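See below for the structure under consideration.
Labels A, B, C, D, E, F, G and H are assigned to the chains in the order they are written; within every chain, residues are numbered from 1.
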Amino acid sequence: MIGRFDQHREARTGIPEVIFGEGKDPRDVRAIFLDYMERGEQLIATRVTPELLEALSDKLDALHHYADARILCTRQPEPDHTRQTVMVISAGALDRRVAEEACVSAALLKNPVERVFDVGVAGLNRFAVELDRFDNAGIIIVCAGMDGALPSIVGGLARQPVIAVPTSVGYGASFGGVAPLLSMLNSCSPGTAVMNIDNGFGAAVLATKINQLASRAAASPKG
Amino acid sequence: MIGRFDQHREARTGIPEVIFGEGKDPRDVRAIFLDYMERGEQLIATRVTPELLEALSDKLDALHHYADARILCTRQPEPDHTRQTVMVISAGALDRRVAEEACVSAALLKNPVERVFDVGVAGLNRFAVELDRFDNAGIIIVCAGMDGALPSIVGGLARQPVIAVPTSVGYGASFGGVAPLLSMLNSCSPGTAVMNIDNGFGAAVLATKINQLASRAAASPKG
Amino acid sequence: MIGRFDQHREARTGIPEVIFGEGKDPRDVRAIFLDYMERGEQLIATRVTPELLEALSDKLDALHHYADARILCTRQPEPDHTRQTVMVISAGALDRRVAEEACVSAALLKNPVERVFDVGVAGLNRFAVELDRFDNAGIIIVCAGMDGALPSIVGGLARQPVIAVPTSVGYGASFGGVAPLLSMLNSCSPGTAVMNIDNGFGAAVLATKINQLASRAAASPKG
Amino acid sequence: MIGRFDQHREARTGIPEVIFGEGKDPRDVRAIFLDYMERGEQLIATRVTPELLEALSDKLDALHHYADARILCTRQPEPDHTRQTVMVISAGALDRRVAEEACVSAALLKNPVERVFDVGVAGLNRFAVELDRFDNAGIIIVCAGMDGALPSIVGGLARQPVIAVPTSVGYGASFGGVAPLLSMLNSCSPGTAVMNIDNGFGAAVLATKINQLASRAAASPKG
Amino acid sequence: MIGRFDQHREARTGIPEVIFGEGKDPRDVRAIFLDYMERGEQLIATRVTPELLEALSDKLDALHHYADARILCTRQPEPDHTRQTVMVISAGALDRRVAEEACVSAALLKNPVERVFDVGVAGLNRFAVELDRFDNAGIIIVCAGMDGALPSIVGGLARQPVIAVPTSVGYGASFGGVAPLLSMLNSCSPGTAVMNIDNGFGAAVLATKINQLASRAAASPKG
Amino acid sequence: MIGRFDQHREARTGIPEVIFGEGKDPRDVRAIFLDYMERGEQLIATRVTPELLEALSDKLDALHHYADARILCTRQPEPDHTRQTVMVISAGALDRRVAEEACVSAALLKNPVERVFDVGVAGLNRFAVELDRFDNAGIIIVCAGMDGALPSIVGGLARQPVIAVPTSVGYGASFGGVAPLLSMLNSCSPGTAVMNIDNGFGAAVLATKINQLASRAAASPKG
Amino acid sequence: MIGRFDQHREARTGIPEVIFGEGKDPRDVRAIFLDYMERGEQLIATRVTPELLEALSDKLDALHHYADARILCTRQPEPDHTRQTVMVISAGALDRRVAEEACVSAALLKNPVERVFDVGVAGLNRFAVELDRFDNAGIIIVCAGMDGALPSIVGGLARQPVIAVPTSVGYGASFGGVAPLLSMLNSCSPGTAVMNIDNGFGAAVLATKINQLASRAAASPKG
Amino acid sequence: MIGRFDQHREARTGIPEVIFGEGKDPRDVRAIFLDYMERGEQLIATRVTPELLEALSDKLDALHHYADARILCTRQPEPDHTRQTVMVISAGALDRRVAEEACVSAALLKNPVERVFDVGVAGLNRFAVELDRFDNAGIIIVCAGMDGALPSIVGGLARQPVIAVPTSVGYGASFGGVAPLLSMLNSCSPGTAVMNIDNGFGAAVLATKINQLASRAAASPKG
């Protein structure tokens, strides 16, 4: 059930098609991985389940598996050093899973990546000591569950584009991430880009597209 | 349609019954105001509409009307100086209406009140310059619409009880205040007390009950 | 995945950081517990899962485990007798779990605690016989699922601050606790402090902050 | 736009068809009223708008208009004294409009009616003094907005069938009556019959059907 | 965790307290069953889980277990023949579980019961052949999932009080029973009594209260 | 603000583009109408507001205006008699507006149309007397608000394709038509085609596309 | 718990009753299958669970089982070649399950079926290469999750009736298929027929009813 | 009620604070405009209401008013020609208002702007003829109501960062823009940046931040 794999997407949009692992038939996923390994090309799968790993267990040595990020791929590309750094900030301890999906995806899409984890708004002191590191970044991704307040604070301080990823971390009236999603859509820091709940991969794609634009601009400056 | 006015509520709970003005028949409200004015007793009405003011237009000189707070009352009591100061913080410019309902209600319930308005999280600098004033407060009420992020930040810094009031300020996916309401219920600063949307009056009542407890504790200390 | 533990939170806000157990990596939780046990300091974890207990099974003798409350901690502090009693009321039989989280959290945060359980509004007689005990309390926490009606009744009778915790007890149109949550936010007893669904711990934190204010007021009375 | 008026409904179900006034074309409503007046038969319209009244202004002397209940009819029948009394209880002052719709509808459907208004749960004392009157009633209708808590309390004390009508009274997280609707559907007093929001008429119809059953039972007892 | 069992509820309201089994500790449920068996009194538990049955496996011979209805009780009372028949109608095949909860509960509360199952509106012919049986009934309970349309049709044809129970049968935009719940609250047959989703027990309690009223009326007729 | 009018839509899909009137600038709508009148071509506008009519008041004699349906057009085409009859059924009196939008749209799209109005399920007798007329129809559109039950009944009896249009008729828990929308999506008569709330025009378009297919099939039969 | 199987439905509506497998008692399903096998008649069950297959494991050789579609039946009828082809288009790889339910159901209801799978809007190129095949189809079913955008594009290009099936494929703010459901109800291609989430069977039934109308029209053409 | 105007925001984030006009007191807005006019500095107000325009009617000649965009400002800056073009695409005719807010905001924030309006997915032909213009753009903003499908299509074809703005255009199950909002959050084109409903201004801010990054990158290229 992999279906028609969209092999021309990278040529068209700059971003290769990537397999979303959850719910896929392990045999189909194994087949396409074998095909790409043979051809020596990059293939990325996100939301990799234990069943998928099991189906590829004899091949894992030749693959790259990022357990926290739940990502599996055939190649580990070098970052493109003409690109800006993508800084990934996470709020609570449990938001890390989503933040790791963003980090690893961004790295595999060739962006330099920097992590600033566990700086939730309940202790702004932890956040404050990291403020200097902002200057290193070109684009900032912020992953937060519960009240989803962190992107507003980052967005009010930073000149970089800010990409907010609500996470499903929370319980009760969090409604699986609806609370931080609404919070981010209503951020009082205008211009915050919002992703679907837990969509760390999408944030990395947007960061990459922004970064590619900056590289193109640097390569052939206007004005 | 004022119904049975609950005259014993203050004796029972420490808080007098207060008329919620919206939707009430102006003639009924006029009648009860005349009655209280004659008896020289305090009567408070919130959410006072233009129609209610019109019905009492010949008596407004003898009454106290707080236009921003939409509150009308017969007497203006002195603050009880054995009480702690209630600090009312508001985020955006439009959250002031709700913040004023909280301030005036708290003052009429005899609490000393201090305002820290317009310190939304999109410009934490405005907030930072006020941090010293926190020490003056015994209880903090925070009114915020949009992302509802401010109470989390206050709660992570303050040792005072924090009462959060979501406001209906916002549009689109704010859903009339649902976004800040959910944000506050999921605050990553634990122990945040949440009120109904726009319920500045309720925040003042809770602050008063807390303040009365502190006064009782001071009057007859334990241990 | 414990992340940066916020060790200065107690100094800043009076409330220590507490580990939320659900979803945490058992090895990380074990490590931080071993660290605190060695240093002889208090560490509290809520929503402790069987997996976490398993990871600490060889240390449980030296720890305090409250099964109903799902709380684990290193030390069992004495209540602070300058504090007011926190009364925890629960409605239905199944609301007890949340009520126990509130009770144990309040006790670990050094408040004297009193339980009034199983006094739902379908049999107000059970409630009536407990009314005298109210006078003992400084702060009242009410945990209720289904119709969430109990806090309104308590709030209409009591002069104490009332903290309402909706529980996820119920089925169908309860929507996992949304029904009592909305009921409590719309309580006709003004000034009811509302917590997230099942958040007994948050109620205990708010009660503690109120209690600490009363103690400070008693220590240095105003006016 | 009155459409096909269902003239046989009373023969079939014991309840005549009744016109829901809101949104109807005033000329159509006038026409059907003239027709029934001429035939000397009972016609009832609920949710009567100012426009409908205007269209019938020259006939209002010969009609019965209940302003609070927003009901207009051609005849005022005597109560059927073989029926049980329908007691209508309302919580807050603004719930009266819905309660009046229930009262007038029940009376026009020939039930003896008794009103117990303004006994909301925030002051159970007002409720307590009315408890004796319960014995007079065969069926109890309870109208309440905000937390919708009153039917649970009535249902836990009364042996009569209890019909709960949530009202749209409230603001913010009341969501136009959703809060009391959910509260009533989750009432911890089992067997509470719930109506649509503001549907006082529906409550009166159900009460009438119950009362007719009781009359039939009395007329030809079983066993 | 059975809590304070409300032993006086039957004296007060005519309906005994009944244990809701889901989520209860099997040992507590066993203890209370042993107690009632010893005293020879009736005890009813609904939503009985396999765990509860397991805990009472050595006593099941002396108890009455209704598997489809998920009900367990100590005694099987005779129907009270002065009562009217409660007819329970179900729509789809899967609505039967809820319908059986209603039937068995009604029977244990001493009502004569008649079943008309599987007469959903997609084949009104199946319904039509049962129409004559309506005359036998005093009260009608209708259980339906999916579109929840059946109570409207019954209510438009019957003079009996109609109690509608939405079931969680369905998928997708059924939202666990919200679709039939809303359909029933908006029934175009006025006076339909609506219960919580899957609440067959509540329907039986309401039917019993109506039936008891009819019996009282028959015992001492008015007028 | 008419934008780029999609003049080739009819060639592509068989259905001309139609102007949705609400919110459009009256001057723009006037301009396009003048253009089409001059060219003698058909132009249809739905949801025509008083403002739009006002802007075209001097041209209304030369246009066709259907007040109930809120539709305005330049030409009144003959029905195509190779087509099947589209039967439009409406439930309550207020559903007629939407039903008329469906009828007039279907007629302007050249379908023979037949109306069966005001046959709601609360009085199936009114429906029953029309059953014979079903045989005349090729396609059935059913418009219903409130419980949205009528399409299930029609769909269980008819062999024709059934198109269900939920209307916003109702109040309270109707939520502006959500109740009948969900009811129809969960219809127990499988194969019911559901439209957006109040979308009588969309129903007419679907009926036309089905009818055009039938005409094509009749013109060049298969097999 | 199969209930009264509606054996006359096919005679009445042209569509046989079909068993919805989920939640049914395997013994009941086995019994009805044995009965139909013996009588040599067609019986179709959808949403067939592993438990149902297990209960019929000794009969599977004599039955037809479509694993992807989760459909089991006794006979495999020939397509009716007087019918138009039903084209089933699916967007993402995971939408195939629902698309297969539509395909197999349509085939068992005797329609010629053609599959165009995996042509989601993120790569319109994959869609573009299939455009020519549209001309072969009489009716088009489109199954899509996530943004549910595909039916709008198909509907803007095709003259065939378009039936849209939202799928529960997605996560986070997909809310189990609500996102594509709303998208389809609001399709800017007017006349899109919308089904319940994941209801591939319903789409096949509607396609069949449309196809039967076309066949009837071809058999006895009008005009 | 303008509150503390955040004058340092531009220095900090690159984006000046902008007044949100709706709900502001016209006198306050007038005062701040007079102040900025005197100082000769740029001040921008969005969502400008007729009341605000009225209050500044004597100054409108010296101000710039964009009626469709509902924006008022003191100065009209030249676009910065080192920046990339921001292309703004709109779907339906009524989406233009929001698209104009995005266009004017982007222009006032000094971006070169290009409009591609009225290219909704119901007529992809209108869209297709514009495809060449994509190459001119650095960043693409897409405004769409109803099904919100357009950003998915653009995102699947373009290498530029895509910013999606759902609009409240639609009715019924559009729920004021929720339908396109969910559609966009679930876009099958990964990396789509989503804004709040109708938030054209926010889209312009994000585009500006991206553009500023590209300019910085061009000014001091990496690698």
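Here is the rule we use: a residue touches a chain if its C-beta (ideal position, glycine included) is under 8 Å from a C-beta of that chain, and two chains touch if they have at least 3 such contacts.
Quick caveat: nothing in here was measured; it's all calculated off a predicted structure.
Novice: Give me the step distance from chain A to chain H, shortest route via touching chains only.
Specialist: 1
Novice: Which option, B-D, D-E or E-G, should count as the same interface as A-H once over half of the contact pairs match?
Specialist: More than half of the contact pairs of A-H reappear in D-E.
Novice: Can you tell me which chain lies farthest from chain F, using the average of the Cα atoms as each chain's centre?
Specialist: So the farthest one, by centre of C-alpha atoms, is C.
Novice: Chain D to chain F: how many Å between their CA centres?
Specialist: 36
Novice: Mind checking the centre-to-centre distance between chain A and chain B? Centres are C-alpha means, answer in whole Å.
Specialist: Distance between chain centres, rounded to whole Å: 43 Å.
Novice: Using mean CA coordinates as chain centres, what's the gap between chain A and chain D in Å?
Specialist: The computed centroid separation for chain A versus chain D comes out at 57 Å.
Novice: At which residue positions does chain A touch at least two other chains?
Specialist: Touching at least two other chains: 9, 12, 92, 122-123, 155-157, 172-174, 178, 181, 185-186, 189-190, 196.
Novice: So which chains actually touch one another? I want all the pairs, not just one.
Specialist: Final set of chain pairs in contact is A-B, A-C, A-G, A-H, B-C, B-D, B-H, C-D, C-E, D-E, D-F, E-F, E-G, F-G, F-H, G-H.
Novice: Flag every residue of chain B that touches chain C in the complex, lowest number first.
Specialist: Answer in residue numbers: 9, 12-15, 18, 80-84, 138-139, 155-163, 181, 185-186, 189-196, 201-206, 208-210, 212-219, 221-223.
Novice: Under the stated contact criterion, what part of chain F meets chain E in this complex?
Specialist: Of all residues in chain F, those touching chain E are 91-92, 120-124, 145-149, 152-153, 155-157, 170, 172-175, 178-180, 182-190.
Novice: Hey, which residues of chain G end up touching chain A in the complex?
Specialist: 92-94, 96, 117-119, 122-123, 125-126, 169, 171-174
Novice: Quick check on the complex: what are the chain D residues that touch chain F?
Specialist: For this pair, the touching residues of chain D are 1-4, 6, 8-9, 12, 17, 22-24, 166, 168, 176-178, 181, 196-199.
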